[in-house]
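Shared between the two complexes below is chain A, which has chain B as its partner in the first and chain C in the second.
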Partner chain A sequence: MLPSRSRLSVVLFLAPPLLLFGGGVLLPIIQSLVLSFFEWDGITRLEFVGLDNYRTLLRGDPVFWTSFANQLVYLAICLLLQVGGGLLVACLLLTILRGRETLKVLYLMPAVISTPAIALLFQRIYSFDPEGLVNTILSAVGLDSLARAWLSDVTTVLAAVSVPEGWRFLGLYTVILYAALLAVPRELEEAAALDGARAWQAFTRIRFPHIMPVFITTLIMATTYALRGFDVPFLLTNGGPGQASELVTTYMYKTAFTSGHYGYASTISVFIVLECLVAVGLILLVLRRKTD
Partner chain B sequence: MKRKQFLALAAGAAAVPIISACGGDAGPARSTGAAVEGDIEPRTISWLLSRPANGAVIATMEEIAEEYAAEHPGFALELITTPDRPSYIQKYETLATADKLPELFDTDATPFAAKLAAAGRMIDVQDLLEQIGILEDFRPAALNYQRFDDGALHMIPLEFGVEVFWYNAELFEKAGVEIPETLEDMVPLCEKLAASGVTPLAVGGQDAWPLERYIAFQPFRIAGPEYVQNLKKGDAAFADEPGTASVRWLAALGQAGAFQEGFSSAGYADAQALFTSGRAAIYNMGTWELPNLATTELPAQMHEKIGFFTLPVTDGAATAANEFVAPSGIGVAINAKTYDPLVRDFLAFALSRYPEKYAASGLLGPTTIAPVTPETALPIYEQAVAMADDLGEATLMPWDTQLDPATNSRLQQDLVLLVQGDVTPEDFITTMDQTLTSNAPKYFED
Partner chain C sequence: MSRDVTQRPRRRPTRPRARPTRLQISQVISRVLIIAVLVMQVYPFLWLLLTSLREREDFAASNPFSIPTTFTLENFSRALDQGELLRNIANSVVITAGSCLLLVVCAMTGAYAITVLGFRFSGLVRGLFLLGIVVPVQVALVPLFLDYSRIGLLDTHLAVMIPLAGFALPMALYLFLAFYRYIPRELYEAASLDGAGPYRIFLRITMPMSWNTVVTVVMVNAIFIWNDFVFANTFILSEELKTIPLGLQNYIGAMGNTDWTATFAAVSITVTPLLLMFLLLNRAMIYGLESGASKG
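Let's look at the complex of A and B:
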């Protein structure tokens, strides 16, 4: 057991971050939980409504379920680009000998650009008139029949607002997974190559199991971040046209700050917290079992 | 043991704001009359703004504030600007909820502002203007635009404008069309313009309100301003005749290819550029853009071609041809909580000098002083300004200032679907009426 003097210093060092975490994270969550049982417009008095907000959420709000489905699509695209793309780029970085650091910095740069700048950038990229980058490239290769207003077409707008977020943090996950890949013992891979294993087999049997703990962590990070993704879709299309790019988070924001239904918005925020907990639980369940 | 204590502490901390909010109204009801006694103590006052930072309103007010500060050392006017209107609205509503609004703040005559007024948080501007003695100088239309439904005036207008349809005469000639006489004429007009290879109507859909203007036109002509006043409370429905006519008209315009492709993500400046570069035939915009549309700032090839027409009527219209959208911009409200002799004195000083100074900028002001025509003005500049002097009684109030926020937000998003043909008029009407009935009565009950 630790000597008692050490235990005191442990408590002293842990207390400030715990208090910060409690006050900054747990407390607002509990406040939201409490507020979700009320109806409040911000100016007049609070009105206790019990479980009404939850009943409306679960049974009487089609917009919410549309936004939930949209958020899942958003999550899928972000995971594919961030973790999938990050892993791919990290593996590719291992194959080159020079310029790894430069490339990592270049990939990481979008993560430090401010969100409104990214939104403006992509509004221009997707623009139909004046012709933006995507449509110009499509015309240049002869695919002008595919050119369209990506942010106005209800079939493409959701993917269009998910891609910027995926692109933005690709570099971050590349750096993390690259560091994990570096730790894979080279002798194992060399031995496998000598035994005639193909690149794909070496990857799935040797490299990937070795980076599994880091991969789980990045997956959890990316998932919880995507489930709370808000700024780029909000700035690009504000959830439109119709509800085609409405996410749970943008819907919650509008319910609170545009419509003034703070109680109902708190209910949605409680749902988001639970959703994140379930997602993390699922990831741990599925992937931890694989590593055991 | 420790976990239970922590949870109890957290629950206690979480309950504090609830208890404080439940504990009755915040203090005694404040008087909203403009009369106030006491000495003038100069200090810094703040103004929460939603106007372009380099615009004429701010420039004029800054000049006036400097003059006032010279006579009252210690005074300063701090401007807090957020020109992006949706962000501004959220900032202002959040500050209002936290009771942290500054001395002056911008707001339209929205249902939210009406709630603030009902709670006694805004000074009675009619009273103030009467006391200063300048009430008669203001254009009635400018003041009426700022009034709530019960006629109460709590915001000061600092601008005035009329919204007209600017058009490119050369493109009209090429397509073989004339200025439309009725709103129905606009559908075949747009078909012919689209067939001639140009965008009929340029609209900046990203800001939502430019498209939302179009849904207000038919009801205003068919039933007058009362329709939206009833609609917003749920006493009328989108399924009623004016609403249905408007929805069908917009769907028809969309089908005729009236709006540019991708209009819902087109920014304000892009839509204007589409018109001024000659690729769009018609652009619905207010006279605050006169410096860009009616002076030599306009691209040279448009100088001879630009013209305008006002909102067409319909057969048997309830409103006249000289009645259309004539807004007086976002108004300035005065916070009752921080109102004191200094604020009153400054406002009296500022409002007496503002109309003339603002007229020097060439733009229409809220009073009857004629604006100074700039040297770079085209002939059409004065023609547009002259429209402001011949307005009828009824004003078309933009729907985004009338409807409750939830219905308004839904309307803005679903209008795009309607115009793009992604939803049928019948489904649109059903959805909007459902949204209206579940939000409007609760919002407007008092």
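Let's look at the complex of A and C:
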């Protein structure tokens, strides 16, 4: 604590971040919460409906539940590619001696490309006519029968819109987990090797427990990002065909800005916040307890 | 199989010949996997660049994934003719610069007030900000849209800058908080004895020392802000204010008769500056990512 500080100086320094955070984040959250109890088309008067929106959401809206199930699949694919893939690639990087830094940078490259660019790229990669990259590879290895229009086929579209999101941030999680793995004390690993621990045991008993705090952080990051994942599906398919790739987030967006049901859309966005908080709570509960 | 590869302690020069065959096999496998991932991460981008340099007829007629035989820059001029790319780029520059400035100023002053000045409820304020890390941006879309249209801020650069900086603030504040803890107290005490007040100490000591953190925060966030789609798509309505992600969206819509080579040229134009900056300054960004997560 600075001895010469005055109350005014504290207020002055604290004002800009509080104004920005209050106006841009906190106030909208409160407004969403309030709006979720109203019915409003944006033009006529607000109409208080109590818990009606929540009742509709939980009981009478099959589209919402479809989109929620889709969001969980999207989450699973993203976690597998980002945290699972990131951990694997980080471990692989440790096995080589040269070029690690360069590889890290190259792995991060997709994270720099904007979503519409990625959507354009994948639209072309998935396309059936003209033949896209996926179908070209399939026919090259003799699996022509599997070739299809990946984005219009209801059985594949959800996975097809999830993969680009997982792919683009693989490098991000690799970089974070790699830094954590580097920080594992060499002595611990050497002691394990002397005790005759097999490579897999050394990983599960020594390295992984040691990077657990960072692993929890990356898991929380990846989970909350996937639960609010929006732009790739929105741009590639806009939830279609039908509701095959509709996510809670795209559904909320359409409810507000296409259908103009601002109250109900706020209810869905409150649900998204709760979903994130519950997910973070679960991760902490399960993994923290394990480490203790 | 890959499991075996992964856990070998790195660098084991003392026992290279202990189990030669197994070591070699696992090494080969890990290298193959590393290269496979490299191709996966880099190839789509190279393909994008190559396609933007191909002739339109060549791309349409032959296999689009083959190596082109002739190159042309004509796609780029068509791309510039078709869209509003230059205006989009200017808008993106304004919004990214504005958001980053807002973000850095707020994060710096906030961290200074919390760590250096200190006040009674500083722990509470800190917790309030950090809670923002898990808040999904979607929750702000509807209320901000309504608020903006009420106060006439809808369809302005500022409308996008406020939530972009606001949602990035918790993480940036966190990085500054972590860094300010390393500045020795003695420095502040000495300055105080010399009669420097809180403003002077901020300008003369804290701010000059935090440039590294500023670079890190800007690098990490500039990429996400530059690429923002959700806020820009919601709050910007008129053509003149559209950013690059919105401008590119115009190319997506026209399915069927899409001019792919020109589209990819447009994508290349928008991606290249950011990529060059990233390749030059990636150290700062990677440092930010690593320290941001490991201190969490």
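The criterion applied here is as follows: the second predicted complex is superposed on the first by the 271 of 292 C-alpha atoms of A that agree within 3 Å, B and C clash if a C-alpha of one lies under 4 Å from a C-alpha of the other, contacts with A are read in each partner's own complex, and residues count from 1 in each chain.
Please note the rule applied: a residue touches a chain if its C-beta (ideal position, glycine included) is under 8 Å from a C-beta of that chain, and two chains touch if they have at least 3 such contacts.
Remember, predicted model here, so these are calculated numbers, not experimental data.
In the superposed model, A:Phe169 lies in contact with neither chain B nor chain C. Of the two partner chains placed by the overlay, only chain C lies in contact with A:Ile272; chain B stays clear of it.
Once the two complexes are laid over each other on the shared chain, residue contacts for A:Gly242 go to chain B alone; chain C is not touched. Counting the residues of chain A that each partner touches, chain B and chain C differ, and the larger count belongs to C.
Once the two complexes are overlaid on the shared chain, A:Phe257 sits against chain B and chain C alike.
When both complexes are overlaid on chain A, the residue A:Tyr74 reaches neither chain B nor chain C.
In the overlay built on the shared chain, the residue A:Arg45 is in contact with chain B alone; chain C does not reach it. In the superposition on chain A, A:Ala149 makes contact with chain B only, while chain C stays out of contact range. Once the two complexes are overlaid on the shared chain, A:Pro130 sits against chain B and chain C alike. Contacts of chain A with chain B, set against its contacts with chain C after fitting on chain A, overlap at residues 26-27, 31, 35, 42, 123, 130, 257. Residues 6, 10-11, 13-15, 17-18, 21-22, 86, 89-90, 93-94, 96-97, 112, 115-116, 119, 205, 208, 260-267, 270, 274, 404-406, 409, 412-414, 416-417, 420, 422-423, 439 of chain B are the ones touching chain A in the complex. Those residues of chain C that touch chain A in the shared complex are 2-11, 26-27, 30-31, 33-34, 37-38, 40-42, 44-45, 47-48, 60, 63-65, 102, 105-107, 109-110, 112-114, 116-119, 125, 128-129, 132, 134-147, 162-163, 165-167, 169-170, 173, 188-189, 192, 196-199, 201-202, 223, 226-227, 229-230, 234, 244-246, 248-249, 251-252, 260, 263-264, 267, 270-271, 274-275, 278-279, 282, 285-286, 289-290, 293-294, 296. Those residues of chain A that touch chain C in the complex are listed here as 1-6, 9-10, 12-14, 16-18, 20-21, 23-29, 31-32, 35, 42, 88-89, 91-97, 103-117, 119-121, 123-125, 130-131, 133, 136, 167, 170-172, 175-176, 179-180, 183, 186, 189-190, 193, 199-200, 202-203, 207, 213-214, 217-218, 220-221, 224, 227-228, 230-231, 235, 249, 252-253, 256-257, 262, 265-266, 269-270, 272-273, 276-277, 280. Put simply, chain A touches chain B in their complex at residues 22, 26-27, 30-31, 33-35, 38, 40-46, 123, 126-130, 148-149, 151-152, 154, 236-243, 246, 254-255, 257-261.
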